[in-house]
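Reading through the structure tokens given below for one structure.
The chains carry the letters A, B, C and D, assigned in the order they are written, with residues numbered from 1 in each.
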Amino acid sequence: MHHSQNRPAIDALQECILACEHCATACLQEEDVKMMARCIMLDRDCADICRLTMTLLARGSEHGKHLLRECMEVCEACAVECGKHHHDHCQECATACRRCVEACKSLAA
Amino acid sequence: MHHSQNRPAIDALQECILACEHCATACLQEEDVKMMARCIMLDRDCADICRLTMTLLARGSEHGKHLLRECMEVCEACAVECGKHHHDHCQECATACRRCVEACKSLAA
Amino acid sequence: MHHSQNRPAIDALQECILACEHCATACLQEEDVKMMARCIMLDRDCADICRLTMTLLARGSEHGKHLLRECMEVCEACAVECGKHHHDHCQECATACRRCVEACKSLAA
Amino acid sequence: MHHSQNRPAIDALQECILACEHCATACLQEEDVKMMARCIMLDRDCADICRLTMTLLARGSEHGKHLLRECMEVCEACAVECGKHHHDHCQECATACRRCVEACKSLAA
């Protein structure tokens, strides 16, 4: 397929999106939701920005690579915030975000 | 434009999306976030379902009308939940959701 | 993760989205674009409807399952149209759409 | 509402999205689709990038403003391409894209 050179980034973006969507929902079900507010906000933004980046890379758009820097920035911010919380969904999300940063960095290079 | 007969629904969907996105963020900043958890969850779903419905109607897709029923259902659920809270952003969101239900109902008829 | 029972459908939806996005772009680069017009239109709709369905399933939303029927319908239509064309990207897209129908059917059951 | 200072940009983004979605569909129905291939490709990208930008601005995200530059770039490219074609849908789309560039520029300032 056309997007084969983009595939590692696409796969990392997909795992990041799934982790963020799940983390936001799981945060909303935690006992102390207030403490998770910034985590939920970043999960929302990170999932949406990764989703557009993935879409543009999948379609071989010239604009896909333009989004990589912003994508890495929001993934980094989300990883830092999720990393502060001990919940499994937060730790898994932090890991997925960090892997996504690495995959985007490789593609941008 | 091609989508002129869809325009009232498109406008109502747009106002509903804006109200839901704003309400979710504002709920996350409230003192008692835990009480707003279901509101935030429905705001997320409602915004996303309305966004796709609007997109399909704007492009004149045969699949746009297929989403109207599900769109009305999530708007109705979101209006009921938001209607329980006295915050301005919740009351405004409930109103936008109810107007969206009416506009979708007219288009579906 | 929370969405583990949804994972086979999520994976099939993802492959379907990638195939549709790629197919639309590749169709636009074919010699006879006019013949591919309906294929491009359905690729667009199918990718967007699958993307929302995947998002809702990933977040464990009660509305995810509501979209499965419409999702299967657009995947089926896209598979039929893509199946008419001999291009590799069309044949691959038809296959991905049919697998997605099966995965959605299993989840809906 | 929270996003009131963003409202002019949100409205311009919305008109741009509607014009791009409509233009892509209308281009696919033209006699000479091949000539419209790049227009359709840019309409797709422009609609999707504007949609995410609008979403982030509507939710008051700190990442909304980060997308403005890329949004202006794709709107500019789409306006240039659409401006080459005499079809009403292309001319209307070019106008909407240019207005969107201006609104994003004001917000970014």
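To be clear about the criterion, a residue touches a chain if its C-beta (ideal position, glycine included) is under 8 Å from a C-beta of that chain, and two chains touch if they have at least 3 such contacts.
Computed from a predicted structure; not experimentally measured.
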Report which of B-C and B-D is connected by more C-beta pairs in contact. B-D
Please tell me the distance, in whole Å, between the geometric centres of subunit B and subunit D computed from their C-alpha atoms. 22
Which residues belonging to subunit C are in contact with no fewer than two other chains? 24-25, 41, 44, 55, 59, 61
What graph shape do the protein chains here make by touch: line, ring, star, complete or other? complete
Which residues of subunit D touch subunit B in their complex? 1-3, 10, 14, 17-19, 21-22, 24-26, 47, 51, 55, 58-61, 89, 92
Subunit D-facing residues of subunit A, complex: 41, 44-45, 48-49, 52, 55-56, 59, 61, 63, 66-67, 70, 73-74
Taking the complex as given, what residues does subunit A use to touch subunit B? 24-25, 28-29, 31-34, 36-37, 40-41, 44
